[in-house]
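Take a look at the structure set out below.
Naming follows writing order (A, B, C and D), and every chain is counted from residue 1.
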Amino acid sequence: MNFNYTIAMLLIALGFYCLLVKRNLIKLIIGLSVMTDGIHLFLISMGYRTGGIAPIVTSELSSNLSNFASRAVDPLPQALVLTSIVINICILALALSLSIYAYRHYGTLDPYKLRRLRE
Amino acid sequence: MIPHAPILAIVLPLFAAFLMPLVGLLSKRYNAAKACDWFAIAAMIGTILLVADMAPTVWGGHILTYKLGGWSPPWGINLAIDGLSIQMALMIAGLGTLVIIYSAGYMQRDTRKDLFYALTLLAITGMMGIVLTGDIFNFYVFLEIMSVSSYALIAFRRDSNAIEAGIKYLFIGSLGTSLILMSVAMLYSFVGSLNIADLGAKLATYREGAQPVPAILIASLALFVTGVMIKVAMVPFHAWLADAFTAAPTTISALLAGPGAVVGIYWVARLPYLPFGLPVGIILISLGLLSMVVGVLMALTQHDFKRMLAYHVISQKGYMVLGIGLGTLGSVLGAQGGLFHLLNHSTYKCMLFMCAGAVLFRTGSQKFDELGGLGKNMPVTALTFLIGALAISGIPPLNGFVSKYIIYLGGVEAGLPIVTAIAVLVSALTFASFFKAFSSVFLGQRSERLRETQEAPKLMLFPMLMMAVICVAIGLLPALGFNIVGPAQSAAENSARYISQVIGGI
Amino acid sequence: MVGWIWDPVVATAAILLGLIAAYGLLRIGHKIAKPRPTVEKMKTYACGEDLKPEETHPDSEQFFSPIRRVFRPFYRYIQPAHMGVLSTYLLWVVVGFIIILVIILLTVR
Amino acid sequence: MAGMTVIVRTISRLLFPFIFLFGVYVVFHGHLTPGGGFPGGVIIAASVVTLILAYGIERAQERVSFLSSEVLDVIGSAAIAIIGLLGILLGTFFLQNVFPLGGLGQLFSGGNFLPLYLGVGVKVAGGILLIFYAMLFALWSEKE
């Protein structure tokens, strides 16, 4: 299980690195989504239990609900991650659209050159 | 009380926003150009009626709990409305209505007004949801609703500055919301609950110092504080605010400076007590002092009208965070002053941005060096700007003085007179920079180009005058504001009552 | 509730009285000194040239140069740091987060 | 945008009904199997996006225009609103179930999940198409 958390933290760190260092808006967007994906992985692995089953009630499981409850993984993080993915799609779409317009106005995607507003 | 008022206050602007494209299509077909304006104004008036309807019950000592889908609190999502929430909700609904009325005048030359109103109403929905919800993940969702629609609104006019400001706010803001999501995830992994009252009840052992605080809770608190501070724009995180407020359409600057400031300060006021309850007073005081000083010093040398106002937003938010921080050190006056300053600041900063917008609307310029002598052409705008400028600098008969004075007293009460001294100095510097703004824009020689400038349209003057009246009224009768702020402060402090009423209630 | 902190009616009356007193002093001073500004004194004198209204406008950046001199370290180091570069701002966020984390580690428990 | 070669066109025309149907399946079985309104809506939108990419925007717009995707968006959200408000109208809480529960594992079961997922699916399909069109127009106006 610690493997999951390690990968999640690695993804978050990679995303942070990409946000801080890269000099291209598209790469910054990629960094942002990698970071949020790391958080999603963290959330998902939090609800997992070793050898768990999907939290879907079927007819053979419904007769023994306590057995089901002791084996099923936590469904709440999955719902949270789905919500968060939806939100991140909106942010991604907006960021890409803004990048298109930024390229049109400035002729570049370098964040070091998008600096008409300063001081 | 109207039944289901808590959820309707969120649902009404939300579905008004979703229906707005349809209204836009219909208005195009039937040539009713003003249909979108009136639909948005009607939705906002409905919202303010719903919120005002809830207020007496909450001030009577109840905490309204609304179970979404009928699931009771620790399991389902619930809305919990105490005195603090109702102050914020009243401010969002009231100022939001005035901003929408103003934008009916200000945006009359723009196309795609249906999209503009849809996004504005969505932003207001997000703000309303943040202050009314009792679930921490729901808070994150509403925060994202507000943030994404404000990113889009800042870049609404799609000129180069707006796009650049939108991109900067998008990256910094979504970094902040990601930190909040991370914090919520850690909190869930540690406690196993998302309900704020339930979290508060389960973390109470660490609050009382019975057990040492585990590392994951400290990391979660640090992430949450950082995320909230990015939205409040305290100093190391303030960079997006000046750009965004400069380049956005002025109604959006007013919306984010008035109601938008509310949501951040709401969480700053909530944070020391719920859900963590760990001491954050020193962070709040130091960040508040830093932002006050840096904001006002940056504002002193600006050439741009709206940019100067934006740096003053940072500086004045510093006052509020400072006051709330003093409140955690045991000074009730400090916390009341912080919340009162939020009420006053949102009113007059909205008004000042609207004055800047009126000047921009009539002259097409927001640079100090291109304006001048407009006092003769725009007397009403000049008068409202003067009232706002005197209020923000803390000149006695106006509302800004009352709240600043209480924060000064709070500083002395908490045993930190040096804080009071810095706050007074910052207030003086604020007066200096507004003196410059007033003399550059409304006094002095008028250039040839501005000779024919007219007064702003009546639809824009009405909200400005309303806010000026509120400023003077609260200044002369501070009890009006205290009746709202007093219950808010006591509700924020009394976390045990919140927990018992939400978990055990209804 | 707030009566002991701040009574706005008394203060407003005091301010109005002060304003009236100041106006009276101004009138008395005018009566004693009898200022009669001539046309030349009313105009801005700049070596005999006529100045356009735009040129007499105060420069917004140098408006408070004494204050700039007092806070010189700020205007030399902190203000130029607002370069408008997104990556710098993101770096500030990370640095601020680390500072907050350190303060919380020091104060909590 | 002109569209692609005849191979791509034929394949995407053949695949379009299957992808679309799969999206509808995911929407309808959201309360029984993994999936639901959002994934299903995205798959439906993706099926239209393949057509747009293969045939070019002019011909795709004859089928699903910008305006109709906007209308789809509004219809979906209105459906969610009505289902939510039904709970209030029938005297319980917002979004509370008012539909019959049905049996375990049947298609028409789970109370208000199925109508909610239908609304979400329509809304998401319209919304994703709107996003796609908006970005396409942004690029398109750049070339001219």
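Couple of notes before you dig in:
Everything below uses one rule, namely that contacts are C-beta pairs under 8 Å (C-beta built on N, C-alpha and C of every residue); 3 or more make two chains touch, one makes a residue touch a chain.
What you see is a predicted model; the values in this text were computed from it and never measured.
Should one ask which of A-B and B-D has more C-beta pairs in contact, the pair is A-B.
Per-chain Cα centroids separate subunit C from subunit D by 56 Å.
Rounded to whole angstrom, the centroid-to-centroid distance between subunit A and subunit B, based on C-alpha atoms, equals 28 Å.
One simple way to say how far apart two chains are is to compare their mean CA positions; for subunit B and subunit D this gives 35 Å. Measuring from the averaged C-alpha position of subunit A to that of subunit D gives a distance of 23 Å.
Multi-chain contact residues, meaning those touching two or more other chains, do not occur anywhere in subunit D. Counting partner chains per residue, subunit A shows two or more touched chains at residues 19, 28, 101, 111, 114-117, 119.
Contact with two or more other chains is made by residues 79, 82, 84, 86, 90 of subunit C. Viewed as a contact network, the protein chains fit none of the simple shapes, being neither a path, a ring, a star nor fully connected.
Contact residues of subunit D toward subunit A in the complex are 32-34, 36, 38, 104-105, 131, 134-135, 138-139, 142. Those residues of subunit A that touch subunit B in the complex are listed here as 12, 19, 25, 28, 32, 35-36, 39, 42-43, 46, 76-77, 80, 83-84, 87, 90-91, 94-95, 98-99, 101-102, 105-106, 111, 114-117, 119. Chain contact summary for the complex, subunit A toward subunit C: residues 16, 19-21, 23, 28, 111-112, 114-119. For subunit C in complex with subunit A, the residues that touch the partner chain are 79-80, 82-87, 90-91, 94.
Per the touch definition, subunit C reaches subunit B in the complex via residues 1-2, 5-6, 8-9, 11-12, 15, 52-54, 56-61, 63-64, 67-68, 71, 74-75, 78-79, 82, 84, 86, 88-90, 92-93, 95-97, 99-101, 103-105, 107-109.
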